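Both complexes below contain subunit A, partnered by subunit B and then by subunit C.
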Partner chain A sequence: MAAYQPIPQRAYYKYLSPSIIVLLLLTVLPVLFTLYLSTSSLSFASPRPERFIGLRNYSRLLDDSRFLQSIPVSALFIVAPVALQLVLGFIVAVIMNERLPGMRWLRYVLVAPMVIPPIVTGLTWRVMFTPKLGSVNYFLSLIGLDGPSWLTDANWALTAIVIVAVWGWTPFVALMFLAAMQSFPDELYEAAVIDGATWVQSVRHVTLPLLKPTVTFIGILRTMEALGIFPIIYIVTAGGPAAATETVNFYAYVSGFSYLKVGYASAIIVVFFFMLLLIIGPTMRFLLRNFQVDD
Partner chain B sequence: MKRRSNITTICLYAVGIIYGLAILGPLVWILLLALKNALDAFAYPPLFIFEPTFEHFIAIFQDPEFRLAFANSVVIATGSVALAMLFAIPATFAITIMRGRARRNSLLTILLIRMVPGMIYLLPYFVFYSRVDLLDTHIGLIIIYLIFCVPLIIWTLTPVWGAVPLELRESGMIDGASLWQILYLIELPLVRVGIIASGIVAFIFAWNEFLFALVITRKKTVTLPVIITRYMGYEGYEWGKISAAAVVIMLPVVVFGFLIQRYMITGLTAGAVKG
Partner chain C sequence: MLRRILALLLCTALVIPVMSQSDDKPYEGTSLNFLYLATAFTNGLKELEPEFEELTGISVEFELLDEEGSVRKTQLELASGAGNYDVVGIQSGNIPLYAENGWVTPVETFWGTDVSDPEALDHGDLIASTMNAMAWDGVQQCLPFFAATIIMYYQIDIFEAAGIESPPTTYDELLEIAPLVHTDEAPLIALRGNPPAAHGNIWHFNSFFHGEGAKFFVDFPNDLTPTVNSPEAIRALTNFVTLKNNYGPEGVAAYQYPDVTRAMQQGTVVVVMEGAPLAGRILDPEESKVAGNLGFAVVPGGAAGPKPSFAAHGICVTADSEHQEAAYTFLEWAMSFDTMKKIALAQPHIAVTRDSLWEDEDFIAKYDYDYGGGSFLKAFQDSLAAAPADYYPPFAGWPLMGDILGQAVQEAEIGARTPEDALNHANELITQMLEDEGYLP
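The block that comes next holds the complex of A and B.
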């Protein structure tokens, strides 16, 4: 029998490197290209050849009130939906974790918003918010409320987008939380019962602390995805009314593809990229500290 | 195990049921709307019982643009999965042997790449593609989708493949097989369930993707999520067609989603986060 000879890790490099190389090429080169474009005057609307204009696109951004307005909108569409998703997701996960008789269907229902195209989520809610055709205001009227004109009033349009984002992504959060809860040891709950804890206390003092790292991890994932919110805005409000629901990346899209100002839009993307780095920096520090892969 | 008062139990049921209905409601609504004629669609108060019509489904499938978009979506999603598999399968094979820091850093890098919003890459690809004539091509979109499909497959496949004992590789080597042979002849058949599940996860992504499809495709390669927005044209919204198209687009992914529910969750929980 041949001597036990473990295969060296080096032998596997050629299996992993094609993926890493392709992914880096496909992502790093575009980012560098964007940096280059952001210093050019390139515009598809103008026949003049592109030329180097330094940081002029960036300085113009500082005077662009529509751009400045998009920053707080981006912030709102991160903070409000993600916070609501985490809270609601926790409640739903606790309910599912109780394995109440007759509630199994909830697990299956939750899959739908996770897999349907965001564009369909947007269209569905666009219909729901449309007077007569939709039913949001009809159901509000059943409980005696007078529904607002959702998509034409700036504040209600912002609310509408938050509602759609909460509807669309809470199921993902809930199922991730549930998966984590199911791995919590029963002994801790039994000990809590022996100590005389009520059900609510055991959720508060056993489940919640154990779930904390998962909450942070999922919160980070959701935050990064929330920064990129696009199809829902595109369909439900198209950024309106009067750019009230326009995020930074949505404005970049409008500048680049409606106004065809490629150089200017690239500058917005670079700013957007730095906003992303602000989130990624702490994220990586957290993950490197707390992330453990099971070997 | 846990003591729960009756009031608590009733509250849990109430919140669970209300939440479930809030998730289902809009989807049922769009399904009903797809089956209503124009008169019933705008009836107030809304009709829950009416004579269903399939006119909108017939109308969209008689529309050559919609049929083309359907074919394009199938080609692009399938092509994306196939090409991504070529990269992701060997990569996962390698990751399963890695331990500690190397494994963690590889998985985190790959996760991070997937999480970056597509908008970051949209403009440079558009400008580059317009210069090398890749706009409105299937392969152009498939290449971009690699950025998202390869990480999705690796993340979903790693926990499944991790369950295959590493001793198989050692004994395969002793029997004189090369690493490639071990990968394709011995281990690939063992993880085929994981391949299918991760392939479906990537398929769902490519099928649903809107941003790149909106910008990179024109007439020839337009996909379903893009064509549906064209029904929101200038001559008034065609809600019947829009809701029928929405039902057609989401039906396959919802079915797929039920099939692989378990794997969608384990993919992300595979790397445990410690307290």
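The block that comes next holds the complex of A and C.
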């Protein structure tokens, strides 16, 4: 048998080069082109020809109240749903891990929100939130609560989006947590019981520490997904009322595709890109620190 | 010898397709791509496509989308210049945008050429206002297939029970009768609420705006200084907000047209001012609880009289199409009297654009609903006649301007600003936008 010959370092680059080239074409070039467009006046709604305007699109963003309003909305739609998904997902997973009757069926049911297309989810919730016609306020009335006007009050419209996002992705988080929990050794729980730990103490001192890497990973995954929230807003509130539920990327879409201000929309996207870097950079560092594999 | 036989076969293979293109089918074998909104008319065209293919040898692939999606995709495709679509649909408000950017080939360029058949098209029979809506700078860009306006639908029995003898003709009259018919279970009125300019709250609000005699600009198109905060405009928005907030269903500020249509179908509102072409849906006996109990009238007006909404939908040959003549041949066939009549009778396509079809016996027999509250077709025709041609100001900046105005209307509706504040703010934003886009110095 021939002796093992290590592949020379240069060969790795040769083998990887086709995929690197495709990746560059599909990611770096569009980013560069967007950067170029963000410095142009390109607008199909304008009689003026396209011209280079430097950083004027960016300086306008600083005075654009609609853009400035979209930043905290984006932050809210990242922080609130992800935090709620992690907490609720953990609670559901702990309950499902208890081998109670019917848990198998509950798992099947939990998959449903994940496989329903966001458009269908949005349309269904939109009808459910409609006062008089929808079921949300009907169920609230059964417990004596007077349901709000979900889609025409700015605060309730924001809440509505958070509810839909939490409904859609909590099952995924719960199933991921459940899968992790089922890999934990039973001996640790048996030892906790021998030491006199209650069920709550077992969860607090055994399950939670073991689950930490999964929480971190799922948290980052959901954060990155949440940054791209769009179809739910598009269908449920269309960014309204009065632009109250517009995120940065939704406003970029409106500017580019409704108003046809391509240069301005590109500047919004570039700013959004740097905002993503600000969020993803530290979280990736955190992820790598937690998942560092020793050589 | 073998080479000669092969050469002969090859020549024959090359010649056969050419020979098969007979004089009456000069574009046989051409395949066209069509992109637009799924409407009764475009659905009908799709169903009749085999007839067109048999007639001309040209096949057509249809891509029919929802309203928002079709507009966005069309604009993206045309702006990219990819030439993927030969025929696209258009709303009249977008004519300036498409024409100024050179995205469509004006249909006039085909007139008088071999490809055109003036008798088949008979463009003099197409409703003049819809033809004008499809023209830009005096040049016919596209051909109209759909004449949209709004009418007032009202529940006859509720009006009769309240002692109302005839439908209101002014906003003041509408506000007077409101307390007589409005209840929590069946509020007076539903109107669209969400802002997208082309088909949202502006579709309704502009009727109030024009109805009070308000103007968008100092002197369009010479002086585009905006005047959307004039006293007439503020009165229009005050009426609009008062009606919806005091006499509309809860959550009406977020209503889209399916919500309005559904509310009328279910009889949960007494009055809607909605698209006349939606009558087929509102009166669909399988879905409607009010079929047989609706009256039809021109919408009320203000100081300037009734000004119902107006928009036309049309079809155009794209400038980047590689099959210009074949695409125009399709347009002529699609717009012919025979095709339009077939579709009107087979589909719920009421908003036809041929004068002669409005007088056609079969058409009248199918669509002249009258349940004791007036003729539907008369209300439709009277509304078309009263609708202002400049319902949406014809310039490429309107989508953005309309959206700013739509946001202001919704802000006033949800109480974020008073009508006056909302319109003052909108006027500032529109001024800024017009300066940025080069319409104002």
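We take it that the second predicted complex is superposed on the first by the 263 of 295 C-alpha atoms of A that agree within 3 Å, B and C clash if a C-alpha of one lies under 4 Å from a C-alpha of the other, contacts with A are read in each partner's own complex, and residues count from 1 in each chain.
Methods note: contacts are C-beta pairs under 8 Å (C-beta built on N, C-alpha and C of every residue); 3 or more make two chains touch, one makes a residue touch a chain.
Since we're looking at a predicted model, the values are computed, not measured.
Of the two partner chains placed by the overlay, only subunit C lies in contact with A:48; subunit B stays clear of it. Once the two complexes are overlaid on the shared chain, A:133 sits against subunit B and subunit C alike. Once the two complexes are laid over each other on the shared chain, residue contacts for A:11 go to subunit B alone; subunit C is not touched. Shared-chain residue A:257: touches subunit B and subunit C both. When the shared chain is aligned, subunit B comes close enough to touch A:231, but subunit C does not. When the two complexes are overlaid on their common chain A, residue A:118 makes contact with subunit B while staying clear of subunit C. Legend: residue contacts after superposition of the two complexes on their common chain; A:241 is shown touching subunit C, with no touch to subunit B. Of the two partner chains, subunit C is the only one that A:154 touches; subunit B does not reach it.
Touched residues of subunit A, counted separately for subunit B and subunit C, are more numerous for B. Touched by subunit B in one complex and by subunit C in the other are residues 132-133, 257 of subunit A. Note for the complex: subunit A touches subunit C at residues 43-48, 60, 130-133, 149-154, 237-238, 240-243, 254, 257-261. Subunit B contributes residues 1-5, 8-9, 12-13, 15-17, 19-20, 22-27, 29-30, 33, 41-42, 44-46, 87-88, 90-91, 93-95, 97-100, 102-104, 106-110, 112-113, 115-128, 143-144, 146-147, 150-151, 154, 162, 169-170, 173-174, 179, 183, 204, 207-208, 210-211, 214-215, 224-225, 228-229, 232, 239, 242-243, 246, 249-250, 253-254, 256-258, 261, 264-266, 268-275 to its touches with subunit A in the complex.
Taken together, the subunit A residues at the contact with subunit B in this complex read 1-2, 4-7, 9, 11-13, 15-16, 18-20, 22-23, 26-27, 29-31, 33-34, 37, 42, 88, 91-92, 94-96, 98, 100, 103, 105-120, 123-125, 127-128, 132-135, 138, 167, 171, 175-176, 179-180, 183, 186, 189-190, 192-193, 198-200, 202, 209-210, 212-214, 216-217, 221, 224-225, 227-228, 230-231, 234-235, 249, 252-253, 256-257, 262, 265-266, 269, 272-273, 276, 280, 284, 287-288, 290-295.
Subunit C meets subunit A in the complex at residues 72, 75-76, 79, 97, 100-101, 193-197, 249-254, 256, 259, 262, 268, 396-397, 399-400, 403, 407, 410-411, 413-414, 416, 436-439.
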